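As written, the chains take the letters A, B, C and D, and residue 1 is the first residue of each chain.
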Amino acid sequence: MNSGLKGLLRGELTSWVGAAASIAVVLFVLMVLAGAPFGEALSGFVDGAFGGRRFSYLLTTLSRTALIVGMAISVMLSFRAGLFNIGGEGQLVAGGLVAALVAIMLPGPPLVVLFLSIFAAMAAGALWALLSGVLQLYLGVPLLVGSLLLNYPIRYIGSYLVAHPFRDVQSGMVQSHLVPQATWLPYFPGTRLDIGILFIAVASVFAIIYSHTTVHGYHARLNGLSPDFARAVGLPVNKLALQTLAMSGAIAGLVGAIAVFGIHHRYIDGMLVQPLYAWTGIIAVLLVGMIPWLVPLSGFFFAAIQTGAAGMERTADVPKEIALVMQAVIILFVASRVSGALLASSGRKASGGGDA
Amino acid sequence: MHVALSGITVRFGALTAVDDVSLAITPGEIHAIVGENGAGKSTLMNALFGLVEPAAGAISIDGTVRRWTSPRGAIAAGLGMVHQHFMLQEEMTVLENIVLCSEPVGRFGFVDFAAAHRRLKESADSHGIVIGLDRVVGDLSVGERQVVEILKVLYCEAEVLILDEPTSVLTPQEKDRLFAILKSFRAAGKAIVLITHKLDEVMEIADRVSVMRGGRLIASGRRAETSKEEIARGIIGGELPAARQRRPRAPGEVVLSVDKLVAAGRGMAVGPITLSMRAGEIVGIAGVSGNGQAELVQALTGLRPSISGAITLCGVRIEALDVERRRQAGMSYIPEDRQRVGLALGATVAENANAGRDDRAAFSRGPFLNRAAMTRFARSLIERYRIRVGGASARASTMSGGNKQKLVVGRELARATPLVIAENPTWGVDIGAIDFIHGELMRMRDEGHAVLLVSTELDEILALSDRILVMYAGRLAGEVARDEASRERIGEMMTSRAVDALPEVA
Amino acid sequence: MLELLFDSSFAASVPRFVTPILLAALGGALCERAGVFNIALEGFMLTGAFAAVLGAYFSGSPYLGALAAMLAGIAMGLVFAEFNLRRGGDPIVVSIAVNILAAGLTAFLLRAIFHVTGAFNDPAIAGFEPVHIPLVASIPYVGRLLSGQSILFYVAIIAVPALHVFFARHRLGLRMRAAGENPAALEAGGVSPSRVQLWALIGCGAFCGLAGAQLSIANVNLFVENMSAGRGWIAVVAVLLSRGRPLPLFLIAVVFGMVDSLSFRVQGFGLPQQFTDMMPYLATLVVLVGLSWWRRRQSV
Amino acid sequence: ADKLFVYVSPDAIGVNAFLQMGKTGIEAAGKEYGADVKTYESKTAAERLDNVNAAINEGANVVVLLGFEFNDIVKEVAPTAPDTQFLIVDQCIDERPDNVHCAVFREYEASYLMGVAAGMLTESKKVGVVGALDIPFLHRYTDGYAQGVKSVAPDVSVDIRWVGGENPFADPVRAKEQAVAMHAAGSDLIFTATSGGDYGVFEAAKENNFKVFSVDVNHCPELPGHIIDMTLKRVDTAMVEAVGAIEKGEKKTMVSLGLKEGGMGAMALDDAALATSQCEIAKHPEVVEKVRSVAKSIEDGSLKLEDPMFAK
């Protein structure tokens, strides 16, 4: 269950210290390259991630955490089932797009509109994920490739819809109209953090319970560990795969809806793609080796790196792109030891077998 | 060339796989090494060959101590090894396979295939081996592949030849030809190490026998000075299990009937196959691996779609059903590949034990798992099958091969279905475990279940089956009743109309 | 209409689109055949594009720019090797990390070295001039196709048969194939598969570096963040489809390059830009589906 | 200094001349009014929001926002930060609170002039224009240009294309390809409004030997012999002016700058600069003449142009 974590804690301590030291060295070199004042950079980082007047930067971090964790949870469900779905981005876009369009077009009481839109967004995300599943199961396109390629059409479909039929012409941008103000997710009192994070918290709890305690989660995981085994003992592998993908896509769709109703209040072309929410979600899962309850923590960690880097740029002029480098280096040093068996479970290679 | 191993010790973490073993290998001799699974035979040879690094001990060749940390050094010193599993590139030609790793290179590192061809011809001819060098290995039969392996060793001009279980995949005829080649090598003054589980072979060809158990060398001596029984006692470290009593039993009603079943195979279709099985009988399917047994089993279990034909299980037509519904209709399946198909190695023993159970209510509460019930069931299997494992929550990957197999067998037999399909159920497990698994299959038979036993081990087929079917080239080549069965008769059917896989030795 | 689609500038533009995909895919083929599941071509390529600009800017020579690109690609290959081959990291994880690393590092260095964000353009960046082949240039349609391309196009074209021969007859090529198919056998023969795979990654880095150079100092003379824009992924698909066989790989790269080039041209017919943008990806999916359908028919 | 001006860019500044002018502008304004200046670059919708919030959080007196991307953000944030003044350049919002100010340009007036010149100079009777992305704002360039062409040569056709792709505002590769394709389709003069992609179009012009019009700043010296003229947009002067008004305490400042106010221009209109500009239009005095007379009639209102951004 959590042998990854045990590995983290057991023995190996020196090599973990080694990894941490290596990461620090890489970052140090980069800082020197950028000619950054070290102390300022550090305090800028901490302030940017956790500080600000009335903790406004911490709230920014939390707001970003919500989206990253949401995407991470979505990806985790797929990965644990051995489904290498890296089409979270497309599912996210499908969700955001549909959420905005439904909310704009559907008349009715705001709360009803809000929930129907969220539901529609989840359905859209699920459908988009199912499409890649169908491509894999019935048309022979590997999920890894199919799900990735499907990210692009939906992005352009979204772009087209808000550039032409549903464009808010007055705004001058490629974006939809605003969703009705009454459907906007409220802020926590006295803050500028919307309650979208509560939805994500619920999704996380669901994912943890699902993974550890349900029959479906157990079957999906067996399928993930060894698809041949799952087939041989008569698990309905195709159905499992499609259901898991749908679940995964629905959560990505939910995240899209939260970005619409909580943050941007409309669909803006590129708003869900450019910040790399989906990719950050993937690495957040990889960092903790797909252990469900650790995913929210690692999502928060990466969100803090991003907002911290922005703070570092403001105070010390260190390019905030350093956040990407930090994430990559951490993944390289940490995940290369925690999660070994992705490839095997993605079914690319016949396992080496070994003498048995 | 004399090779002497002294005090070799190999450790894998806490496990001491080879414990202070000293051994001499003499030219012009065939030296058999025997022992249970996991006794350390392969590991000892891997240490000699530079594939693993011994924690202690020395290797000396013709009196001088040598060290190497990769096979490169061993090959240069004149050692050659044919591994337990074929070390071949299926997509390459025979010639490419043979030159690989010791390619004669011309300019800019390009391989001089012509030179290799010439050199190979010489050494092959001298032992009377003929094989098409431009054929792709993937198209070769198992016996031919074995020849490629031997040619690889010959090509490197090895003086010491190590063969790790070379016969486990061969038909009796192929085995005979292999032994003829080995004898020719012995005559040429080469030293040969032969690892095997088959004591008949030891008695047939070996000049010297060494027995290993639990990493230690138990005994070593001239074959002529020992007996099969003595060796067997050495292997298991105790008395041999008593020969199994076979209770006569009249077969009951038809459990499975297969009518003109055709399944897709690699390159060509398998079938049409027609057979039927009754309650209380074990039907053995013999054959050289790759003759359609795997496809037949997969078509029966639903893992592979059948192209045409009918399958009826306990009166229900099942050819259109999926795996789950076929299992519910009364089928259990012990797959050959326990690592990938039999178990999910990353999951716990309990999780593995409960997978594929139809009585879902027994280990779940609504959509939720009943972990306690799952653990209870796993514990009962562990006890009943004497599985040596840390516990129900240990990962399946921590078990040894034999114990893994017991878990698979236990899980499937516990379902007590009318039909049990067992595919090489004792492949690569040791004598003790083999005996246990055979006993279980016999028990099933005696209790009135039908058992379809697919095995490449003739001995196993002969020991268990009430009727024997032989598969060749995707079809049933014939049926032999238990009383009329003999190794020779079946061996012939296994290769009926076969192109001679192994060339005649001059 | 067809002639608008297939005017001679279309011929001239196809190689521009084919070259980066083909070069990256050739690199990918080395890894594929050697059994390294490298889907970080995008990152390798982006790093190469940046290094090419860096080299060309400071040296004033596009050749040194291309050399720098190769070295940078190789450096990424070494990073991949360190974490995948030596530390045993999952190749997909390492690939994703390397892609992110490349995006971050190029953007970061762009600011650290040139003090700009987003894009860097300067007359001092020495780009490749088109190579005009005297006789060929005067053949009507083919002339535009084969003459007047950047030198890297010709490198890519020559590399296709060269790689084929390399796999078939060269010692390292043979060993790479073995490392990809059955590394244990290679190891048993005394050759370390990871050593062979290391060479594959080095070669892959060099090819992808050149692919990047084609983008940044042959097609145009500047660097833009993320300028590889998904081409590395298309190359990955080409590699997977062709299973690393150079000749089929060439054909697939040409198809993808043509679709890419065509998608620009059909905008002239009033198709919304978003739909033309989709074309390369949809075409890739269609090819994937078609090919797997064809393979399934073959196997029955 | 105890004052802080923050410039938040909507995109990476890079080689984007327009956004670079914003930086020049904020620095000039800072110097003029004795304030520290900071530039926060954004690349995504989320970063824009974060950066505006950060500017407020860091205590900026004036936050300058370039481009239409900030409308939503200002609407939401400005009322909650009454002590901070917001200046939106290029765009304006309805129902502004007191602390929101605007400076907008009438780009279509200048692109109309480019169209006039193109209509007169084309030999193939076909001209082209590449925009970064098919969005209303960029129609101020493409449509203005097309109208200008039609006004002098109704028989000339105008090919309008977009860069699109992953990076529409910074993709010289695709921009170049569009220009090459357009040229192949018969256009002999191409107007480029592709921000970061302009250099790609220039490359195409150099390789295929056709002529182009560009935007924002004088590119002629970089590509002598190939650039006819360009629209000039004086973001920096507009910014200093507007910040001045804000500093004086004006509320809801609104400046609209076109040819008349000198906020937009063209090389042909500026006698002194034209001589040393190396722009091709200098070789065609009759075109310069015509452009100037059209400009005059736009300035004095006798020629009324509709803002294409709000046209159907």
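Heads up, the rule we're going with is that a residue touches a chain if its C-beta (ideal position, glycine included) is under 8 Å from a C-beta of that chain, and two chains touch if they have at least 3 such contacts.
Each chain and its UniProt protein: A, C = ABC transporter permease; B = ABC transporter ATP-binding protein.
Remember, it's a predicted structure, so these values are computed and weren't measured experimentally.
Trainee: So which chain is the furthest away from subunit B, centre to centre on CA atoms?
Mentor: It is D whose centre lies farthest from that of subunit B.
Trainee: Please work out which of B-C and A-C is bridged by more C-beta pairs in contact, and write that pair.
Mentor: Of B-C and A-C, it is A-C that has more C-beta pairs in contact.
Trainee: Cα centroid separation between subunit A (ABC transporter permease) and subunit B, in whole Å?
Mentor: The separation of the two C-alpha centroids amounts to 45 Å.
Trainee: Just give me the whole-number Å value for how far the CA centre of subunit A (ABC transporter permease) lies from that of subunit C (ABC transporter permease).
Mentor: Using C-alpha averages as centres, the distance is 28 Å.
Trainee: Compute the distance, rounded to whole Å, between the mean C-alpha positions of subunit B and subunit D.
Mentor: Once rounded, the distance between the two centres reads 75 Å.
Trainee: Which subunit A (ABC transporter permease) residues sit where two or more other chains touch them?
Mentor: Within subunit A (ABC transporter permease), residues 163, 341 contact more than one other chain.
Trainee: Touching two or more other chains, which residues of subunit B qualify?
Mentor: Residues 85 of subunit B each touch two or more of the other chains.
Trainee: Give me the residues of subunit D that touch two or more other chains.
Mentor: 43, 133-134
Trainee: For this structure, give each pair of chains that are touching.
Mentor: Listed in label order, the chain pairs in contact are A-B, A-C, A-D, B-C, C-D.
Trainee: Okay, in this complex, where on subunit A (ABC transporter permease) does subunit B touch?
Mentor: Answer in residue numbers: 1, 3, 213-216, 218, 221-222, 225-226, 228-236, 341, 350-351, 353-356.
Trainee: Can you list the residues on subunit B that touch subunit C (ABC transporter permease) in the complex?
Mentor: 49-51, 70-75, 81, 83, 85-92, 96, 99-103, 105, 108-111, 113, 152, 264, 266
Trainee: Going by the contact rule at the top, pick out the subunit A (ABC transporter permease) residues touching subunit D in the complex.
Mentor: For this pair, the touching residues of subunit A (ABC transporter permease) are 52-53, 56-57, 60, 64, 163, 167, 169-174, 178, 192, 263-266, 268, 270-271, 274-275, 307, 310, 314.
Trainee: Across the complex, what residues on subunit C (ABC transporter permease) touch subunit D?
Mentor: Result: residues 4, 7-10, 12-13, 16, 116-121, 123, 130, 215, 219-222, 224-227, 229-230, 261, 264-265, 267-268, 272-274, 276-277 of subunit C (ABC transporter permease) touch subunit D.
Trainee: If we count contacts the way the header does, which residues on subunit C (ABC transporter permease) are in touch with subunit A (ABC transporter permease) in the complex?
Mentor: Residues in contact with subunit A (ABC transporter permease): 37, 39, 79, 83-84, 87-94, 96-98, 100-101, 103-105, 107-109, 111-112, 117, 184, 230, 233, 236-237, 240, 272, 274-275, 277-278, 281-282, 284-285, 288-289, 292-293, 295-296.
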